[in-house]
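By written order: A, B, C, D and E. Residues from 1 in each chain.
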Amino acid sequence: MNNLLWLVPTLPLLGALLLGLFGAVLPAWCTALIGTASVGIAAIIASSIGIHWYGNAPASHVFVQDLWSWIDLPHLSIGLSLYLDPVSLLMMLVITTVGFLIHLFSTEYMAGDEGYSRYFVYLNLFVAAMLLLVLASDLLVMFVGWEGVGVCSYLLVGFWFHKPANGYAARKSFVVTRIADIAMLVGILLLAVKLGTLSIQPMLARAVEVWPHGDVWPSLAAGLLLIGGLGKSAQVPFQTWLPDAMAGPTPVSALIHAATMVTAGVYLIVRTHVLFLLAPDVLMAISIGAAITLLLAALAALVQSDIKRVLAYSTISQIGYMFLAVGVGAWSAAMFHFLTHAVFKALLFLSAGAIAMRLHHEQNIFKMGGLRNKIPLAFWSFLIGSASLAALPVVSAGSFSKEMILGSVWFDPTIGPLLWGAGLLGALITATYISRVVFLVFFGPVRTEVSGRYGVRIAVPLIVLAAGSMLVGWLETPGFLGGNRMVTVLLRPAVGAVGIHPAMDILADASGYIAPLLGVAIAFTLYRSGYWQRAATAQPNALRRLMHSGFGFDAVYDVILVRPFMALVRGLRNDPVDLVITGISVLAIRLHRALRRSQVGQVRRYAGWVMVGSIATVAILVFA
Amino acid sequence: MIATIQPAAPLLILALTVTILLAAIAIKRSFAGSVAITALGLIAAVASIPWAMHGNSPFMASLFSFTPDSLGFAGLTLLAALVTLVLAADYLAPGIPVPREEYPLLLLLSTLGAVALITSASFITLFLGMETMSLAMIGMIAYPRFRPGAEEAGLKYLVLSGMSSAIVLFGIGLVELATGHLQLATAVATGTVSPILLAALALIGVGAGFKLAVVPFHIWVPDVYAGAPAPTAGFVAVIPKIAVLAVIVRVMAMPGATLSPATVTAISSVAILSMLIGNLLALMQENIKRIMGYSSIAHLGYVLVALLAASAIGRAGVVFYLVTYTITVIGAFAVIGVLSRAAAARDLDQVAEFQGLFWERPFLATIMTLVLLSLAGIPPAIGFIAKMYIMAAGVNADLRILTGTLVVSSIIGLFYYLRIILVMSQKPLERAAIPGGTLAIPMTGWLAMSAVGALIVGFGIDPESLIAMLKLVFG
Amino acid sequence: MILVWLLVVPFLGGLLAWPSGRVHPVLPRVISFAALLLELGLLLPLLHGTAPASLIAPGHWLATFNAPWIPAFGISFRLDLDGLSWLLIVLTVVIGLFSVVVSWREIDENVGFFHANLMWSLAGSIGVFLALDLFLFFFFWEVMLVPMYFVIAIWGHENRRRAAIKFFLFTQGSGLLMLLSILALAFLHDQQTGTLTFDYFKLLENQPTGTFGYLIMLGFFIAFLVKLPSFPVHTWLPETHTEAPTAGSVILASILLKTAAYGLLRFAVPLFVAASHQIAPIAMGLGVISIFYGAILAYGQNDLKKLVAYSSISHMGFVLVGIYTFNAIAWQGVVILMIAHGISTGALFITVGSIQKRLHTRDLGQMGGLWTDLPRLSSFGAFFILASMGLPGLGNFVGEFLILRGAYAVAPTAAIIAAIGLIPAALYSLIAIQRAFHGEASTTRSFPDFGLRETAMMLALGAAIIALGIYPQPVLNVAAPGLANLTPTNTTAALPVMRTGT
Amino acid sequence: MNVSGFDLVFYGAASFSMVTTAVAITRSNPVYGLLNFVLSLLGMAVVFYTLGAPFAAALEVIVYAGAIMVLFLFVVMMLKLDRTTVAREASWITSAIWIVPILLGAMLGGELVDVLLQKTGPGSAHQVISPQAVGLRLFTTDLGAVELASMLLLAGLIGAYHLGRPSSEGD
Amino acid sequence: MVDLSWQVPTALASVLFIIGLLGLLARRSLVFVLMSIEIMLNAVALLFVTAGMRWGSPDGQIMFIFVINLAGAEIALGLILLLRLRTRLTTLDSDAANLLRDVQV
């Protein structure tokens, strides 16, 4: 069964290739079929592998499939191999399954778009790249997938290229992540040179061998990899690209900017956690940064009026939770939150897309309202997703994973309680802002006319994901709910048992459940009092403007990066070096003109020149 | 008896031909006949050279020195004259308002003067040969006397070359005054011990510089080239330079000949100035004949670099470069000449008039391109090897400043050579089709130019054959 | 002897193509194409019995030829083929094939002469890659310029005259410096050993040292720097590229620039090991500056062709950095990047040429929204822009990574700065896509999209760049013994010419 | 110094030649200029004689002054130069026009005189070289030179003949 | 014979030569230009005679003859050209004969 692994990334790639070559001539249904089926079959294979794994996991809990040798040079050997272990298995399952659902959703959502086949090319390519990213056994191969998903993200964000703003958002997303990627590349170079290999497992083994705990080299390497991860996962200070990336089609946001790609950073760290364990400073930095990110993003989400931007900020914030977990070494918790987040955030995005579909692509929550009865499917799916995001206890998957993270953080020996406090505050705000959206969109008066209806290809993904949002949490439950440890058990061979704690203080435990409820209550109160609506129309004060702009990162970058660069471009545009060359030619022409004056055509002046020459010659020969 | 005059055969054959031609013209005027007689005379003279080289009688040893290398240079001169004659025969088409028969005669006289100069062993023959060459050349320059430019060029050349002759003569006078001898070898062997001899050397050098047209004695060159009819211009650009350089090369090989530091300084300055100023003057020039004039100034500067190297490779370089220069310059003026006729008010010499030559007359344009590539020193033309020779000599003798200047000025030079190629390659203008467009290329001209083209490429790709040949003659 | 045929075939092809244009304009195209196919047929069998890259053994020559040329100077007609030259010659021939195809419709005047020049330029480049007599090398170095000059001067765009002259002056001028150095090297050898020779292998044995050696090396270095081109002697390139016809730009970018990198690898470094190590920091510095300078200027351009041209400067900066690491991995990267750049930039110039043919402009301000009208052209264009940006999985990335990897082992700072140079690369690449293909279509236009010929061509190029990206190993294997050849076997120089480790 | 009569003649003739030559090139009327030059040549003949070259002296008078310069004079007179020409000629001869030539002339002259003042070698041989000696050389060792000189004259002659003869079609 | 050092006539020759050069440089009338050349040649002739005197050799006078020879030939050509230019330009001004030049004056 495992030997079919290579098919998992290959099938979507094949789909992309087929559609790329013949998409223009195929009918739409054919395009949809190829696009969806390729991912669907991959999902089936992946699931089969997963089921097979459940019973018959290899003894080492690792399966490596060597495809071919990519680069084989003395001192540098990079093989193209697929590395399947519990972590990548989990990732693969999520990517293919959620990916398939989103493809299915897209076939209807994107129907009639002139770039229909192009869309599926990109989307299939993305899935392939993402699978390569997670399955790569070599860091450089992972980097290939890493950049590949970046490009697909770029292409999909800018999918509707007619609007220059979309293009801008796409470029921004790519460039910001690329800046981080370069740091990662430097990290890869460092690892390659210092450790002699880039194949992840031997590399990690060697790192432990040669580098003492807390040494500068592992810190540097881990730090550089981390920067790459931060960029891809839209964490502070790289988070600015994600809200803008919402310019792409909504299913794209669901797949790339919620479920899969943006969590690559988390995956990277979990994958190389051995290295990070050698660098405690970096881990500490991760947690602190994550705490800041999750709070800032949550606060920013609180004031957005575009439904997708709310979700975007919430993604940043939720990934912040994952990083928080990673920072304290709770790898399983991070992966578990990734799992639940992938499901409920995809659901939220798809629901938002489903809503927008019926509202002529209206995304402003203040222009919606009262949709609870108009589009119940969307309402229920969005509600379930929101509950999960808000981590409403017991009924939502998000609750279990978030609780697990908070629990792990609490036990961190250094600044655990502080981080826990930030997480808790974040949970409160999260519940508040998502409830705000729910109330504003689904309750109150109807503000925009609703049209159209959903087909089955919209409904099925929503229903499946909604079910998932409620149920996947039960894979890993706290003690008082049965103490299922399926995720932990699955991941233990790969990431060890770190981060599993028997129980928390009752108080701390409980506050993790109470905070979301409190958040919902706050949101409801403010909704009832009409505060949200008033605040949206009123002249925003400075704080609100700051929050709305995502705390002004863009403005700062504009001043310190964009403007200097543009000034440089303007200054150099005409190639100043060329002026030197032009100067030389001008000088030659000047000399030519000056010398030319001697050619007056008068014989006596010519005689004068000959005489001058004679005088000079005699002078040199006789008197020199 | 024959053995006595064997070494002097080329010179004597030329003198004989002059007499025959004079008589022929006196009896019956016929241009074709004159050309034929001249051509036969030149061919006979050339053909006699290998034979002459084997002679070893000291014929008129006090006046002439018929060594293999001087005879070799003489051969080069004669061949150049022959090609000029062939081109002139077409150029001087019927219909001009002056008789045409004297042109071959003047050409013959001038060549005779050049050969005498090349083979001179005494200042007497040196001066007489030089003046014969120049005076006959004045006649050739002003030959289409109905052209204002030709007359003016003739007058300018007359006055300035007269001036330079007087200067040279003054120098020769000083030599005699200081040594009491007029033999070149004696003067060289005496060495430049006294200031008088130094002054003499300087003044003779001025005259040589004038004939070689190096800066600062170059000023007459463009005017005379521009005013002279194309074949003559080619002749003027080539023959005196071969002749004077032949003497210099020979003198430098004489016992006792050394280059004093002051001489090196003087020649170096002249070389540097010639290379730079020559090329700079040509830079934006619109008249191709003037460009050729300026470019010849620069090329002689290059030759001086090899001369200064004063080594075997330098000497070989001078000879090789001279051969290259001769082939190339003759080729350039051949193309201009083929496109022009003496009957017209002026030659086709504006760069702009060459626009579209590639499209209208690809053969001519190809030859011209090869010529220009050769002048610019770009393979596969022979000029590339020649320039390599010069640079090799310069590098070998470690003449850094000179070689550096050579490189810089070559780059400047590239510009105007390329510009001509560029203009030729542009599409022809709508109305102003090439004025010479209707002129048919006569068989002889076609042959001459094909020969030039073949030599440029042939020797460019296989320089060894030429090197070996020159080595045989010039050692 | 086969090596002579490699030169003769394209030369004769050109010679035949010229007059055949008078008979029928299609003949020169067919003849050129056939000649190049024949050339390819000659080339491919030469490559057998190459070992994997890990088994580096110097002295592995695929074929050699030696005959006296100018014995008076000890100059011989010496041709040698190893893996490195083989790769570059194959690139030359393949790109030549594409140039013929791309000119099929574009060139309709004086077709015969155009193809003659095209073929001769290719023959010259092949000669450059084969010659191992320094003088012969220089001969070919110059020979390849002249036909190129004609291609630009006759079939170029509006400002072709200025561009052609600038191109020629720069390359020829710097070439003269190299000639000086070649002569100095030969005479130095002559002084020390008593034999005047230009033979590469003999000259390798006598490494000039000290200041004089450094000066001689500079002659080579500057000439190759100009041709590469590197900051600050790059200014001929943008103008030349912009004004050249498509085939000219393609050959310039894909082949002629590579001769410079090849020259550095083959001559400038092995002949002057000590001096090269001495100049390495400067060279790397210039390389890094080129990377940024080219990228920033590319961003600022309004002319799409100029943008691509400046991007070439940026890419060649990587090559320069890579060469002066003296690191085996980096050198492999240089080879890969040369080939990949040849393919991707060639494809980009073809794209730009196609755009110009349709829109009659290269001005980005007048483009925009081309994807709507020309989806196939635009997607290929975007693909190759991404490739040239260094997208992992495509050929350019492999080259850049290997260079950075090699450079990091030797000069981490340079490697890191060079890596940062990939950021502006993304900037100009994306802005190019945005301004050319994305955005609102300005007017209602209707152009024919890529036809079968063009699509097939682009597919082939795309396949090549992907193959190079995901399976570069065959190329590495072929190049490895060639790169090992660059190590003088019996030099007593203290410094290694190539570092194989780390 | 022992000044003899011959010395006086030499110095007198030399000064005469110098002055007349200087006068010759400063005249505005060409005829006067040429006449002065002829006078200078006559003085020069005396100088030659005092220097022991009677043959040269004779030739100077007969050929140079008598033939060549008279030919020159005839041609100039043929030109029929009127008053206006002479007046215009006079207007060109300003003092400004002489500045640069005199400056250059002084430099070159200074250099030459400086060279000549550095005494080297033996003094003069002080003997008359008879025409016989000259003639003997001319027809023995230097015969080739004479032949060459004839070619020189021929070249001048042919050129002058071609340029000077009336045109066939009126150019 | 006179007891003259050879320097005196040589100096005289130099002075005459310079006077000739002055005329060549200063005068615009072609008549004077040609005459100046004659003056220079005459100075040269004097120099040769002096040299012959110094060494007691006939070489000086032989060269003298050849110089006169040249002077005659040159003047003949010069006069013809002068005559033709005068008919064409109606002036003897050598500055007027500047059809061939590089600059506009």
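We adopt the following convention: a residue touches a chain if its C-beta (ideal position, glycine included) is under 8 Å from a C-beta of that chain, and two chains touch if they have at least 3 such contacts.
Remember, it's a predicted structure, so these values are computed and weren't measured experimentally.
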Fewest touching-chain hops separating chain A from chain B: 1
Each chain counted as touching chain C and chain D at once: A, B
Pair of chains joined by the greatest number of C-beta pairs in contact: D-E
Most widely separated chain from chain D, with each centre as the mean of CA atoms: A
Most remote chain, CA-based centroid, reference being chain B: A
Chain closest to the assembly centre - both centres taken as Cα means: C
Centroid distance [mean C-alpha coordinates] between chain E and chain D, Å: 6
Chain A-chain C separation of Cα centroids, rounded to whole Å: 37
Centre distance in Å when chain A and chain E are each reduced to the mean of their C-alpha atoms: 96
Averaged-CA centre spacing for the pair chain E and chain C, given as whole angstrom: 64
For chain D, residues contacting two or more additional chains: 100-101, 104-105, 108, 111-112, 114-116, 142, 145, 149, 152, 155-156, 159-160, 163
Set of chain A residues in contact with two or more other chains: 596, 599, 601, 603, 607-608, 611-612, 614, 618, 622
Of all residues in chain E, the ones touching two or more other chains: 6, 10, 17, 20-21, 24-28, 33-34, 50, 52, 54-55, 57, 59-60, 62, 66, 70, 73-74, 77, 81-82, 84, 94, 97-102
All chain pairs that touch each other: A-B, A-C, A-D, A-E, B-C, B-D, B-E, D-E
Interfacial residue positions of chain B with respect to chain C in the complex: 358-359, 362, 373, 376, 378-380, 384-385, 388, 391-392, 395-396, 403, 407, 410-411, 414-415, 418-419, 421-422, 425-426, 463-464, 467-468, 471
Complex contact set, residues of chain E against chain A: 21, 24-28, 33, 94-95, 97-103, 105
Interface residues, chain D side, partner chain A - complex: 100-101, 104-105, 107-108, 111-112, 114-115
Interfacial residue positions of chain A with respect to chain E in the complex: 596-597, 599-604, 607-608, 611
Residue ranges of chain A in contact with chain C within the complex: 20, 24, 68-76, 80, 118, 140, 143-144, 146-148, 151, 154, 158, 161-164, 167-168, 170-171, 174-175, 178-179, 182, 185-186, 189-190, 192-193, 565, 568-570, 572-573, 575, 577-578, 580-581
